[in-house]
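First subunit A sits with subunit B, and in the next complex the same chain sits with subunit C.
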Partner chain A sequence: MTKLPFRYGRIQDSMLVTNESGQFYFLSIPLFRRFISDPDMLPPNIKNDLISKFFLVEDESMEFALEESAIKLRTKKAFLSTFTELHIIVLTYACNSKCIYCHASSSTDAKEHHMLTMATARRVCEYIMQSPSTTLKIEFQGGEPTLEFNIMMFIVEYITTLNVLYRKNIEYVVCTNLLVFSQEHLEFYKKHSFCISTSLDGPRDIHDTNRTPYNTQSNYSKVLENYQKVCAEYSPDRVSALLTVSKYSLPRLRECVDAYVDHGFRSIFIRSLNPYGLAEKTLGELGYSLEDFLAAYKDVLDYILILNKEGIFIREELASIFLQKILTPFSSGFVDIQSPPGAGISCVVYDTDGGVYPSDEARMLARCGDDSFRLGSVLSDTYQDIFLGEKLQKLIRGNLVEIEAHCYGCPYIPYCGIDPVRKYQETKLNVPYQSCKKYSQIITLLFSELKNNPDSEKVFFSWLTGVSYEELCL
Partner chain B sequence: MSESITIAKNVVSKRALLLAYGESNSTSSIEETDTHWVLTGPKEQDSGLSNQFFRLCMEKEVKLALEESMAPLREILYRKAFEPISKRN
Partner chain C sequence: MKRFEVIFPETKMPLQAIGKVVRKSLKAPTARYAIQMYGIQRSFLLCSKEDARRGTRIFQYKADPCLHEGDVLEFTEGTCIIHFSSASNDNCLLVSNECNERCINCPQLDRTRNPLLSERNAQIIALLPGDVHTIALSGGEPTVDFPVLLQVIKRLYAHHPSIHIDILTNGITLADYDKATELSNILKQETSTFCITLYGDIHAIHDAHTRVAGSFAKLHTALHHLAYYGYTIEIRYLITKMNYDRLPSFIEYVYDNFPFVDHVSLMGMEVSGDAAINAEQVFVPCETYIPFLLVALQKAVMRDVPVFIYNHPVCLLPKQLWRFTVASISDWKTGYSKLCEECDLKGYCGGFFTTSNPEYIPTNISPISLNYSDEGVYV
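Entry: the complex of A and B
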């Protein structure tokens, strides 16, 4: 009997073992010792479980076990075979909302408005179509991208024309605050099957404090009015929302979840503040400690689980990213938490000036005056210069959890990833490994639920499969 | 007063020591003699922290030994998963 490669770590009174493809098993401490020293002496049911999950193998089955494990590992890393799928285009830095934490350093000042020109947009489209990926997701960002709706329409039309030749599957996403919304917009979104990603920061008072209205009208009322219009005339499944947690919402996250449920949202992404843009400058005023965020996150996750068990479907997206990797053979598609990192190879950002960046955070950093991660420009560099260039390769090589010293032996390696820009920013701000602490504590929280609460496991499966909790309980 | 402890080099390897050092805040500096590591803790630290650090070193030593024993199989696994078929043994 031989042990296949695994990693381990303590979860409460048990030892969690995980393997390269993300399968996991809990062992009591005495059984873990036996697993290490003499696996043949494990109780038969446990030994069989460990064999079925490729932690142990009978010597005569070694070749089969390695082949199977390799297939599972390749499946987990399938995002590598497609190359860059997500292409983010920044249309403008102009915005009609003054969010107190704006990560994109958007501006309501006309003098600071940088927008994508038609000529640069055309070049961006030609770049995008050179991606070897057969499936593309094109996401429009800002500022507020709908303020440059004509450019968005031009890009979609030009991409459609180019695609007669390339024949790729193309999805579109617009990240909009939903303050500017017309019937023309709606028809356009419907025609091209857009997904709409918006922001809702909780109940009215929190939302309007975080996302200050530019005019006197409540931002909250307008967002919900337009959200209802999308649901009624398009589809509630095509719109999702993000909750950015400020110090105002941190103690009231349960109320924020209630607001989402009341307005018919089926998912909520609880996002802590990122140290970019205005948020970096106002972190002292708006921020909170990682410990406070994690305590609040744990509390609200408990609450979300209770709601689901009472029959109210509401999925937490950050947890779902990890759960997808823990409970299924697949990765999550979330480019900020994967290894090798998504930077450039899964996601790329085209800025208004034609600059190419490996992630949204990289262009946010550049907007703050630090263009360390700029890969080149669509106006002066070839696709090969950028995507096969040493700068991108070095970025990827230097940020693999599998070989990062800090991650050595960590059992969460199969579920985790390093965002190179975030790591750089954390080091610069002298808070190294903040993301590691955040992710590892959230993963620990999820494993604790899986270990202690079989009902929670059913809720998690309902989030991943769309099958209701009640059906899974039958 | 800050507390110092010495650990024989044949008990804890440099790699285990560094891994533990990276994870712990109970040690502020490490010095090396021919035969020992000399660890100094931050001022006014609880003397129990040195024991905790030593325990962490030993855990890292075990982890290193296990990781090393699995390295050849892990390499085969990654080759099988990602090398082009034409390059596999």
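Entry: the complex of A and C
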């Protein structure tokens, strides 16, 4: 009997073991000791479980076990076989909302050349189509991208024309605050099967505090009205919302969830404030510590689980990203938490000036004068220079959880990832591994639920399959 | 394949007489069947003993086999075999008697090579009705004589280009990439299903059933080949005394390792052939494994893995499991007891294997009467 490579960590009074392809098993401490010292002496059912999950292998089937493990690892890392799928285009820096935590530091003043021109847009489209991936997701961002609706329409039209030749599957996403919204927009979204990603910060007072409109009117009603319109006339599955947690909402996250449920949302993405970039100025005023966020997150996750068990389907997206990797043989498709990192190879951002960045945060950084992560420009560099260049390769090579010294031995390696830009900022600000702390505590939380609470496991699976909790109970 | 007794006319019959029912008149028990044989328009008559007239082209049966137009029959010494029944859910061509595994629970005893099978299959295929939807290729192990398998498939397509083909295999042969490739060039992906038997989630348990070392590993390779070529795959798990406690982890295993599988079938055992001889080792009564079945089904439902429970009388299973059962035992092997007449679910139930050794046929059958609250359970 031989042990295959594994990592381990304590979850309450048990030991969690995980392997490279993300399978896991809980062992009591005495059984874990026996697993280490003399696996042959484990009780037969436990030994069989460990063989079945590729932690142990009988010598005569070693070749088989390695082959099978390799296939599983390949499945987990299947996102690597496609190359850049997500292409984010920044249409403008202008915005009609003045959110207190805005890291994009948008403005209504569009005169500073901070908008995409037709000529640059054409180049961007041509670069996007060069991606070898057969499936593309094109995301429009800002500022508020709907302020430049003509450019958006132009891009979709041009991509459609180019695609006669390339024959790719193309999906569109628009990240909009839903303030500028007309029947014409809706028809356009429907025609091209857009996904609409919006923001809702909870109940009215929190939302209006966080997301102040330029005119004095409350924008809460308008967002909801337009959201309902999309649901009714298009599809509720095509709109999702982000909840950015500010100091105001931190103690009131349960209320925020209630607001989502009341308005018919089936998912909520609880996102902590991005502490870097331009928001640093206002951080003291709005910010909170990671510890505070994690405590609040734990509390609200409990609440969300209770709601689900009572028959209200509402999925928490951050947890789902990790659960997808923990509970299924696949990865999650969320480019910010994967290894190798999504930067450039899964996701890329085109700025209004044609600049190419591995992530949105890299673009922000460049706006603050640090262009360490600028990969090039569609106006002056070739596709090969940008995507096969030494800069991107170095970026990827230097940010693998599998070889990062800090990550050595961590049982969460199969579920985690390093965001290179975050790591750079954290190191620069002398707060290293903040993301590590955040992710590992959330993963620990999820494993504790999985270990202690079979009903929570059902809720988790219901999030992954989209089937209601009730239907998942035998 | 169902057999029934036939009294032949006085003239001697040739060795292989395969024919097709072309007309049915009257109803049982006094039905008469006109049968066309020898590839030319020579009709024979099959009718009940009481009704019989004597003649060189008249066969007699003791009990009406309830044939239908289009059924394909073979007359041999003293019996008639129904090779294809238009009314059946389970029409199957025996491609080869031989097998490359020696499963401890095999219901079949005769695994010797039969060189006549190929010619017989050719005749059967030529006689299949034009609207035949599905045919299963079985054995033995249908892939053992690989060229013969390919030939059977080609013949089927030549007569019935849109026929659905199910292949019941242990997968060993298809671990050979070249053979899998060769098969994929002939067998149409969109109309074919592979039904592959897996006895456990670890090699020691699987190989103990098949009694062939390394069969577990080969089966994995075969599954990956078939998935690569885009076939629909059903995994069959035969529940035995040696593997019933692995049911829950088996579901996890299939999900983790074969996410491409279309569905999983959990099968009750037919205790005949080798299975009857080895019953001591392999037979486990249903009530013993129900707790494991419940956990397994909960795991499957959570993971959205479609699971069906085959070969189990509904009345032996707890209510939560009824919706997973399928009336699946080949119609000619299905039995119901007298009590079953009173059961509300008889039309849905698979009954039990009449072909099983009598001592392993369940005795605790009890009719179910549905009340209003049950109606939502069984859909």
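Everything that follows uses one rule, which is that the second predicted complex is superposed on the first by the 467 of 474 C-alpha atoms of A that agree within 3 Å, B and C clash if a C-alpha of one lies under 4 Å from a C-alpha of the other, contacts with A are read in each partner's own complex, and residues count from 1 in each chain.
Here is the rule we use: a residue touches a chain if its C-beta (ideal position, glycine included) is under 8 Å from a C-beta of that chain, and two chains touch if they have at least 3 such contacts.
From a predicted model like this one, the values you see are computed outputs, not experimental measurements.
> After lining both complexes up on subunit A, report clash or fit for subunit B versus subunit C.
With subunit A as the common anchor, subunit B and subunit C both fit in the superposed model.
> More subunit A residues touched by subunit B or by subunit C?
Tallying touched residues of subunit A, the top partner is C.
> Is A:H406 contacted by the first partner subunit B, the second partner subunit C, both or neither?
A:H406 sits against subunit B, while subunit C stays out of touch.
> Based on the superposed arrangement, let me know which partner A:D201 touches: subunit B (first), subunit C (second), both, or neither?
neither
> Which partner does A:P5 contact after superposing on A: first (subunit B), second (subunit C), both, neither?
Only subunit B is touched by A:P5; subunit C is not.
> In the overlaid three-chain picture, which partner chain does A:T465 touch, first (subunit B) or second (subunit C), both, or neither?
second
> One more residue to check, A:D336. First (subunit B), second (subunit C), both or neither?
Neither partner.
> Go through the superposed model and pick first if A:E139 touches only subunit B, second if only subunit C, both, or neither.
After superposition on chain A, A:E139 lies in contact with neither partner.
> For A:E20, decide between first (touching subunit B), second (touching subunit C), both and neither.
First partner only.
> After superposing the two complexes, find the smallest distance in angstrom between C-alpha atoms of subunit B and C-alpha atoms of subunit C.
14
> Where on subunit A do the contacts from subunit B and from subunit C line up?
Correct list for subunit A: 67, 71.
> Would you mind writing out the residues of subunit A in touch with subunit B in their complex?
2-6, 20, 36, 66-67, 69-71, 73-74, 77, 80, 405-406, 408-409
> Show which residues of subunit A lie in contact with subunit C when the two form their complex.
The touching residues are 23, 45, 48-49, 51-53, 58, 60-61, 63-64, 67-68, 71-72, 75, 328-330, 457-458, 461-462, 465, 467, 471-474.
> Mind listing the subunit C positions that touch subunit A in their complex?
So the residues of subunit C in touch with subunit A come to 201-205, 213, 216-217, 220-221, 224, 245-246, 249, 252-253, 255-257, 259, 294, 297-298, 301-304, 320-321.
> Using the touch definition from the top, list the residues of subunit B that touch subunit A in their complex.
19, 22, 63-64, 66-67, 70, 73-74, 76-78, 80-82
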